[in-house]
Each structure stands twice: as C-alpha cells, then as structure tokens.
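Scrolling down, you'll hit the structures one after another.
Both of the next two complexes hold chain A, though its partner changes from chain B to chain C.
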Partner chain A sequence: MKIILNNNNKELVNKVMEYGGKRVYECFQCGMCASGCPVASDTEHKIKRTMHQVTLGLEEQIMDKKAIWLCTTCFMCLERCPQNAEPTEVVFALRRVSAENGIIPEAQIEVANNIYHLGHAVTVEKGIKLRNKVNAPLLKTAGSDKKYIDEIQKLIDSTHSYSLLRIEKDWKPKRDDVIGCD
Partner chain B sequence: MAVTNYALYTGCIIPLRYPDIENSIRETMPLLGANVYDMVGAGCCPPGGAFWSVDEISGLIQSARNISIAEFMEKDLVAVCNGCFCYLKNTNMMLKSDKEKREKVNTILNNVGRKYQGTISVYHLVEILHDHIGIEKIKNSIKLNLDGVKAAVHYGCHLLRPSDHLMAENPEKPHKLDALVEALGLESVYYPKKLSCCGAGGGMRGNNPEVTLKILEKKLMNIKYSEPDCIVTACPFCFLQFDLGQKGLREKGEDFCIPVFYYNQLLGLSMGLPKNRIAVLSETPRDGFIKKYYGVE
Partner chain C sequence: MAKSQIEKKELKNSSKIGVYVCHCGTNIAGSVDIKEIVNFSKNLQNVKIVREHMYLCSEQGQNIIKDDIAKEGIDRIVAACCSPRTHEEIFRKTLNSTNLNKYLYEQVNIRDQCSWPHFKDKENSTKKAKQLVKSGIYRASELEPLEDRKLSVLKSALVIGGGISGINAALDLARGGYKVYIVEKNPSIGGKMAQLDKTFPTNDCSACILAPMMVEVSNTPNIELLTYSEIEDVLGHIGKYRVTVRKKQTFVDWKKCNGCGECSIVCPVKVDNEFNCNMDKRKAIYTQFEQAIPMRAVVDKDKCVKCKLCVKKCQLGAIDLTENEDEFLEFEVGSIIVTTGYDLFDPNIKPEYDYEHPNVITSLELERMMCASGPTKGEILRPSDGRKPQTLSFVQCVGSRDEKTNDYCSRICCTYSIKHARLLKEKYPDMDIYMHYIDLRCFGKGYEEYYRMAREKGIKFIRGRISQVDSIADRLEVSGDDDTLGEQISVIADLVVLAVAMESSKDAKKLANILNISTDKTGFFKEIHPKLKPVGTDSDGIFIAGACQGPKEIPDAISQGKAAASAAASLMSKGEIEIEPLFAQIMEDYCAKCRTCESLCTYKAIKYNEDNKMEVDIALCKGCGVCGASCPSGAIKSNHFTSKQIRMQIMALTEAII
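Up next, the complex of A and B:
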C-alpha cells in the first residue's frame, strides 16, 4: 500500500490536539504504552501504532477498524509513557473525532440514553427490587425523582453529546444488564 | 471518638445492582467515626466511555453538577466506585485550576440553578479508610480476625491512574487496600500483573462480551497462581466483572469460582454485622466462605 503524505494529513493531528491529545507529537515509538496494554494481544487496538498513524495523518486506517473503541481506558499507557505523550488522551480525542463522523458503538449509545432518561447508567426498576430485597434505605439519587432527571436532560440538551450520542426522545431501556462505560 | 462527615456519592452500580454493598458502607463507616450523608439528586458520574469519549464539556457539566450537590452540603465527597472517583476527581482538579472551563461550565449549570464553586475535595473510600480513619482504628473495630485466610487484592485502574490527577496511591506500588485487608487478619498474597485491568471498563463489557471475558480470564489465571480464598476490591464495576465474569467463564466450562467481596462487606462481617444486609447479592457463591470463616449461615 502506498502512503502519500501531504498537508491534508495534518487535519487529523490538528484535530486530535484540539480535542485533548495535545502531546501526541512527543511520542518516539518506544512501545512502553503497548507493553502494559490489557487489550493489545487480544484485539486490533494497537496503541503504539495508533500514535504513529495520528502523526502521519492516516485517518482512514484508524477509523475503519474502530479499534479505538476497544480501549478499556485503564490509563496504563499514559502512566508509563516516558515522553508523557498521554496516549489515553489521544484515544479519547480520536473517539471524539470518530463520534463526529457518526461512528460510535451501540453500548455507548445505550448507556447515554439510560443516563438521559433514567438519571443512571443502569435501569432503576430492577435496582429498586434489589434494594427492597436487602432492606436498603429509600433511593434518593437522580433516579428517584423526575425533577432531577429533567435537570440532567436540560444539561445534556445544551451540549453536542445530545446528537453525537443519538439521544432518543422515546427511549425504552434494552436490557437490565450493566453495560458500563467507566 | 472524633467524627467526620462526608457526602456519600454512590454512583449507579452500587445503589442499583449491589445495594448490599451500599448497606455495608452505610453500616461500617459510622462505627469508625465517619458519618456518610445522602447526596440527594446525584446522577451518573458520568462514565469515560460514553460522554467523555464524545465531548469533554458534556462530561464536565454532569460531574460538576454532582460535585455542586456535595458543595451545597458543605461536605467532602467520598466516591465508592473507581470510575466515579476518577472522573469526579479529574473534574474537580480541572475546574479548580482552569478558570475558562469553570466559567463555561457554570454558565450551563446556571440554567438548572446550580453552581460549581471548587470548595470541597473528592476522595475514594480507600483514602478515607486508610488515610483519615487509619489502620489501628480498623483493627480495634473488628470482633473476628481472619488470620491465615488468603486474599487476592485487586485495586482496579481508576483508583490508581492517572496518578498525576488522582494522587490516591503509588501507581506502581500501591499499598493502602492491601493494608486495609491485612488489618482484618487476612494475608494479601502476591500474584503476577496485580495492577492490570479487569477488562470491564471503557465500554468493553457492553460492546465486546468475548474480549472482556478473555482479559478477565488472563487476570484470573494470574490470581489463581496464588491460590487465594477470596478476591477483594473496592470498585463495584471490578466486583461485577469478577462476580458475573466468573459465572460467564463457568458457563463456557472453565473452572473459576473464587468468592469476591467489596472491602466493606468483609469489614462488616468482621465487625459482626448481619450478613443478610451486607453480603447477599452475588452470582459467584460466597456463602461457603462466609460460613467457613465467619461461622454464619
């Protein structure tokens, strides 16, 4: 495959830097990031390669595989990078670019819709049944009262995440499972 | 006994999937001189995998809203989940130092009648137990010593990293949760790659059930190396990954059945609190462990 580098390739790296991956140019490809990565050996997410691809402007190669969404955000790469190039922040920035292009996994959309409509990342109804089972006190968090959910909705409505995370007005939670995105 | 008051930020998983863990926190902490109060109306932290991954400001405003509730209570916030701790503390650090972002956040928060002021600190429960309360007090609070029982301690990622922001622990050589576990008499055993991820975070558990189990299996193989009697963590999402994940692996014919505890559940049992409120909900059986070592059914 032929790779042609020209000024257009700077678009990606500029965007990544604007979206939080400020130190991506510090990377000198030592590989410490990948050595501690929990997903490197089992997935297509290769953080060392991704860092290089960003500075080369290879946007399609990064986005096509959707591998940036396989990061568990454990921050081991960021912790161990001797250049402090903050690889995890580069992954977050790439996710923000990807979301702008409309590429975002289902689980993220599900969690965001749960939070928007229920005040929590998981379903509340099942939670209240479990609370009753163990005699936990009355729930007082956002999920306990519509007025708090309205407040959270108002906040989310005023940001880009409302459209990026495809918030639906009529949302029925799909499953009681903990999808979890922390 | 000196009493300290905290705003208890429970998050999503503990109050809505493992409320017995919430009970264990609510019942053990006051016995150690740390009163915890409800943060009425608190929402999701929110998680890094969703809101932070698409738009920083939408993460910041939801976190700042939660922090403003604790500020209104005039109490420091204690997070009982690693993910919540990481993102709330990160927000607090960022907004305390970055005036431009703080103003942007407050303009939006103003629409719902809230304001971020930067007047409180965000702590993880492990910091409260280890740094504020102290090992001696915990040792003196227990009725039953689990001398000789082996525990595999799992810190989880977002209690440790990024350490520049969180500053809760030494990221390469943490010791606080080990010390807390040993205060109950248990032996915290060495196992390889102790600081590695459980495989749940970042959206992995929801998006890729196969990969999440693969990462967990590697983690568990390392844990098994030390033949522990239980796994102890202070993060409900790691707890869930070990609890449900081991069940998932058993369904594939793998032999993983190590009892998992959130720290305060073990602490509560050691204090003599009733099991039926604080250690009930789990898919990987724990009753055998509890009966054998605590003598309660």
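Up next, the complex of A and C:
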C-alpha cells in the first residue's frame, strides 16, 4: 500500500520522546537492532522499521499490528545500537502511548492483574506446593506476605496504571496449574 | 628474412644478465609459478643469475641487485615484478648507486599483465609470464647506456582557473617567491565557492572565508591576474611553456574603473544573471558579484544595445563601447597548474524529475536563494508564487551513480543537502523536510556528526531513489520507495531540490587538447597515478588540482591546489631539471629531408632548421616513436626503443615456449 506523507505530524514522535524514547532521532537505519532481535524472525516485531515509522509519524501502522507487545525487552538492541538510539526505550514508550489509547493485549492485562493481586507476574502456587512436599522453607518473594502485596497495590493505585491496565478488584488468577516452577 | 633467422639462433650480444623475479607477497606468486619462471630463465642465453624475492623493491631486495652487480659482474638487470609506472624509477635509482648505467634496466610487468588479469588460471598466467620475461631478457641484451639531459626551468607558473583550488595554488607559489599568472574566464576570481552561502561542516559563511583570500591574490605583487581571459594556445615544454592568452574585450578601462556600479544602475538592458542561476536579472554592464576581485565592470557584448547611458554616467570616463579585436597576451612560464573546476549536471536530461516545473530547483539554485545577497535575499520562496514552502523534498544522486548519465558518486551532494536541510530547519523549525537517498556518504572529518545533528533536528531521511515528480494542483508529488518500510511512498511537497551531479567542465576537452593532457572516460582530467601521483599529468610540468580532476569538496580542492603548488615549486626551485633521454635522434647520413616526420609529430618536436637539417627539440620530444616508424629511410633512432631492441622483443614473443 502506497504511503502518502503529506503532513508534519510530530505528535507521535514528541510523545515517544516524552515517554522515554528520547533518542529515537539518532537512528540511522543501520539495522543492527533488527538483526540481533530474538523475536524478529518469528514475529511481526521489526524494530528497525518501528524506529523509522516513529520518525515519520506513522502511528496507525505501528499500533495496528500490535507488534510492539511482542518485544521480549531483552535489551540486546539497546546494548548494541551504534548510535545509542535506545530502541527498547522506544518500544516501552510506544507501549505507553498504546495503553493510553486503550490498546493493550489480553495477556498484558492478565500479567498486570497477577502483579496487583499476587505480587508476581506469574503464579507460584505450584512451586509452594512442591517446596512443602520436601519440607523446604518458603522463599521470601514479593507475594509471600500480604503486607508486600498491599504496598504494590498502593503504588499501582496511586498512578494511572490502575485504570489503564484495567485492574479488576475481584480478579482470580487463571492459569494456576500451567505456569509455575516444575 | 635471412637476417631474422640468424638472430633467432642466438643473441649476438654477450651481456651478463641478472634476472630478478618478485613474488610481491601473493600479489604475483598467488597466480604465477615463480619457481617455474626462475628455472625457465636460467636456461636462456646471456642470463648469468636468476633470483627470486618476496618483495624485490624492499631495501634488502635492492641490495641483492647491488651485490650481484658488484660481485658477479652483472651488466644488465631484468626485474619481473609490478608496473614500471610506479617502480621503474626505484630500480633505476638502485642501478644509479652502482657503477652500472641506469638505462641498462628492463622491467617486465608480470603483475598487471599476468597475475592480476589471469588470477583464475595459474598455468596460462605462468606461461604468459615466461614469454614476457623472455622478451625482457632479449631486449635487455640490446640495451644501451644513456645519459640524462639537463633542462633549465623558468621560475614562473600559470594557474588556469581562479576558483578556490587555483587561488590556493597561486598564493602558495607567490608566497614562495615565484611569479604567477592566473587566467580566469569570468570577470572575477572566486569560482563556484563564491556562489555558496555557507560551507559544511562548520557552516561558516562562504564569502567570509573566501573573500580575504581573493583580496590577497589581488594584493600580491608577483601574481598577475588575468580575468575575463581564456587560454588560446600553449607551446613549449616543461620548464619553458609559451602561453598565449585571449583577453576578452571588457569595453571598460579597468585602470580607470573603480567598480562603483553607477553604470549598471543606468543600464536599461536586463539579462539573466548567471551568478544567481538565472533566477534574477543583471544588467548588460555589470560586475559579477558583490565581492568580485577585481571589482571592475564588463559589458556583455551580445546584450548591450549601445545606448551609451553608461558612457555618459561614468565620471571616470572608463567606458568605451567601440568594438575592437580581442587582445592577445604572450608570456613564458616554467610550469602550469590546471584548476578549471566543474559544471553541474543538466537535470532536464532526467525528465522524470520535472525540472521544467518552477518549483523543482537544483541545489545551487537553493544555495543562491539561501544567500543573503541572492535573488530572494536569503528567503526560501516557491518560484511559482513566491510563497514559503511548508514541505521540502531533497532528491539525491540526480545524474550521479547512474550508468545512463554519470556512473560515479559526486561525493559532496549528501553533505551539502544535509547542510541545506539543517540550515532550513534552523530558520524554519516547522518546515517538513525529507531527504531521499540511496546511501548517505558523509565521509569527511566531522561530517558524521553533522549528519547526526540533522537527524536530531527532525529531518526525515528515507532510503530509496525517487522515481518521479508530478505536479498535483499547486504542489508536487514526489514518488519513491521507502526501503525500510518496504512500501511505495509519496511525499506531497511544495519545493523539490535536486542534488545534481558534478560533471567535468564543458571546456575541459578543448583545454586538454591545448595542453596535451588526458581526460578520463568521465571527461575529468586524468591524473598520472590515482594514488601516488594525484596531481601529476602525462605532460611533465603540468599539474591538475581541484574539481577538474574529479568531484571534490572544498577542503580536498584546497589540499590539491596546495599539492600542485608544491609539485610545481619543487620542479622550479633548482632552476634546472634532469629529463629522461628518451627522444628521437636523426641519423644525418640516412635522412632524405622528406619531412614526413615533421608533419606527423604530435608534439611539434621535429623541425626543419636553417641549416637545412631535421632537428629534434629534445625537451618537446616524448619519445613516442611515430617519427621513427614513419621514416622511409630508417634515419630516426628512438633512444631506449631502438628498432633492434624492439625486434628482439618481438622475436622472443613469437618463439614458442615449451
């Protein structure tokens, strides 16, 4: 599809810079970020293209594909970028822009609720059972004490992440038996 | 027939030849069997010693040759190695340091002739090398000792072209005490740089850094400035060229004129102003630009209507509109530096870019607009309606890197377009600026930083060549490809700027003929060696510098101007030079005075003199051999390329090698 560039829309790039991707203009499209990206070959996440789309203000193209959520945030691109354009930071910034627009994949909402209610991104119920079975002491984690969870909730409540991430008060973890440490 | 059969059997000469085969690392040894060459050469007649060496031109390699001359009594040297262009002089010097005459040396180029072109076929490459080495050995048997000739050199130079390169060459020579003539075809010196607004990568004002140098040129007593003049003819040779300059009629007595400009104000004739890329008008009587050196008026002969308003206005009585013949000036110089610069590619050759449209302009036109003294006084306005453009597209490589026009990269366009984009963005932060490139080549010191700062200012760089420009209503659609997006794109722009290629000057061929120097396939003057002799030409004593040799930015043009000045100075400083004795000699007894040679000599080196004899001017003669080959009575001998030497070579080349 032919892309028409006929305005000087700086809204996206300004937001990305404000939200942490402040070096996005440094990118000169060498492709080092994309060539080392562990998910690029199997997903639609093409970081070099995303960087370019930001500078051109092609917001719809970026948001439509939701590929920015497929980044594993391994920071490989950020470490290697010869211009220090910090592509991972640009991805984070784009996710923030996307969340503001109400576009967040279901999986991310689940993770957010996990953190809010359990203190962990993933459930550790199965691990606790295993440790009990061999009489191993329980590990201290962010979710091992109610007071830690209260603190996490206080933090999230005081930011607008609470509404953006669609936190549900009566939320139940879904995949208790699937995710865990075997 | 019988004679050549006798020669075939054996070489008459009983010289003692040393043959030295160089590996040149793997450069030669990689695809020529050195051992086989050595064994083959050993069995050839007159060969006393055959040696091989990894790098023959090293000090160690040269010492081996010296030792063999001293201890083994070797009296002829054959080196099978690289090009005589770069290494003949080195080995001749080696011989010079012994008691052997340096012309008893023969170089066989088994690198350029064998290992390089036939690198995939070692067997045949070796076979060819054997044949060539044999011919070298046969020729060496017939070599004769020769003595260099001395020539006196005048301590004055001619600089053709008064651009930034020529100005620097002239100033350096003048500072060194040499008399310098500058010949410039325009009314003022300054060249293309005078048309620029700012210069990368420091963005300093072009006029501010150029004008002081121009003033210095006019204030230097031993520089004679001949502007509005052209080279008519150059005769003579290294050390003593006789130059004829045509001084175009200015109709203004420059001794009286003070450049006040009153004449231009009253002149009623408006003419396209070339200095501002024809974007505004000048008068028929004009000074070229505000900082012109010399600041003197000239009359455009073709446009003047002879109303004589200027004559009446001029209080100094400097103007006389009577047409006269152009004036010719003759003088002699010891060396010549050519700095005639470049021309710009005509974008009409690429109709897809719609240069006919008023809002499609070249970079130089934009440059003139950006200049405070330009046609728009520094404002960027669309030529169609005089409005400020909102969106600008820079189209790179117009006429460069294109087999249909110029296959080479013009080197400076990337950086000057970035300069334009940056300066515009600084002046108009809301302007939307796109640059369509295929590779950004910002190679100079500080240029990468310059490019990074352009990105930081929000200039959008899109990789992909623009395929066409169309007008849509009062705007322009720039259609191209975005390599990163993998999609076609089109930018709706108000102004399109074409980065047109640097091309050889239209007069380059004519000047090359006058000076007897070569041009390459792109029409630029050809240096004698691209790496080792970048400012030399095939005519000794004539040097080239700046963009007349190839596309160049200002720092490189200046460096070459200074390099050429240094080469000219080192040639002239001693007042005399030694030249190779490779010239033709007339054998009086055989000469029938038919004067065939005289008419054929390109260098006008043979003349029929007052004593009714044919005479060779050894300074002019290049030893090309045309005279010798054409002489019906065989009366001309070309030193170092005698018939006998060549016949031996041919004999060796035609004998089968087993």
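One rule holds for everything that comes next: the second predicted complex is superposed on the first by the 158 of 182 C-alpha atoms of A that agree within 3 Å, B and C clash if a C-alpha of one lies under 4 Å from a C-alpha of the other, contacts with A are read in each partner's own complex, and residues count from 1 in each chain.
Criterion: a residue touches a chain if its C-beta (ideal position, glycine included) is under 8 Å from a C-beta of that chain, and two chains touch if they have at least 3 such contacts.
Remember, it's a predicted structure, so these values are computed and weren't measured experimentally.
In the superposition on chain A, contact of A:55 is made with chain C only, not with chain B.
Of the two partner chains placed by the overlay, only chain B lies in contact with A:99; chain C stays clear of it.
Set side by side, chain B and chain C differ in how many residues of chain A they touch, and the one touching more is B. Contacts of A:110 after superposition: chain B is touched, whereas chain C is not reached.
In the superposed model, A:127 makes contact with chain B only, not with chain C.
According to the touch criterion, chain A has no shared surface contacted by chain B in one complex and chain C in the other. Looking at the complex, you find that chain C touches chain A at residues 390-391, 430-432, 434, 440, 451-452, 455-458, 460-463, 482, 484-492. Note for the complex: chain A touches chain B at residues 19-20, 36, 38-39, 42-43, 69-76, 78-79, 88, 92, 95-96, 99, 104-108, 110-112, 115, 119-124, 126-128, 130-131, 133-137, 139-145, 147-148, 151-152, 154-156, 158-161, 164-165, 177-182. Against chain A, in their complex, chain B makes its touches with residues 10, 12-13, 15-20, 22-23, 26, 38-58, 61-62, 65, 81-84, 86-87, 108-109, 111-112, 114, 157-158, 160-163, 171-172, 195-197, 199-208, 211, 214-215, 218, 237, 240, 276-277, 280-281. Those residues of chain A that touch chain C in the complex are listed here as 1-8, 10, 13, 25-29, 48-49, 52-53, 55-56, 58, 83.
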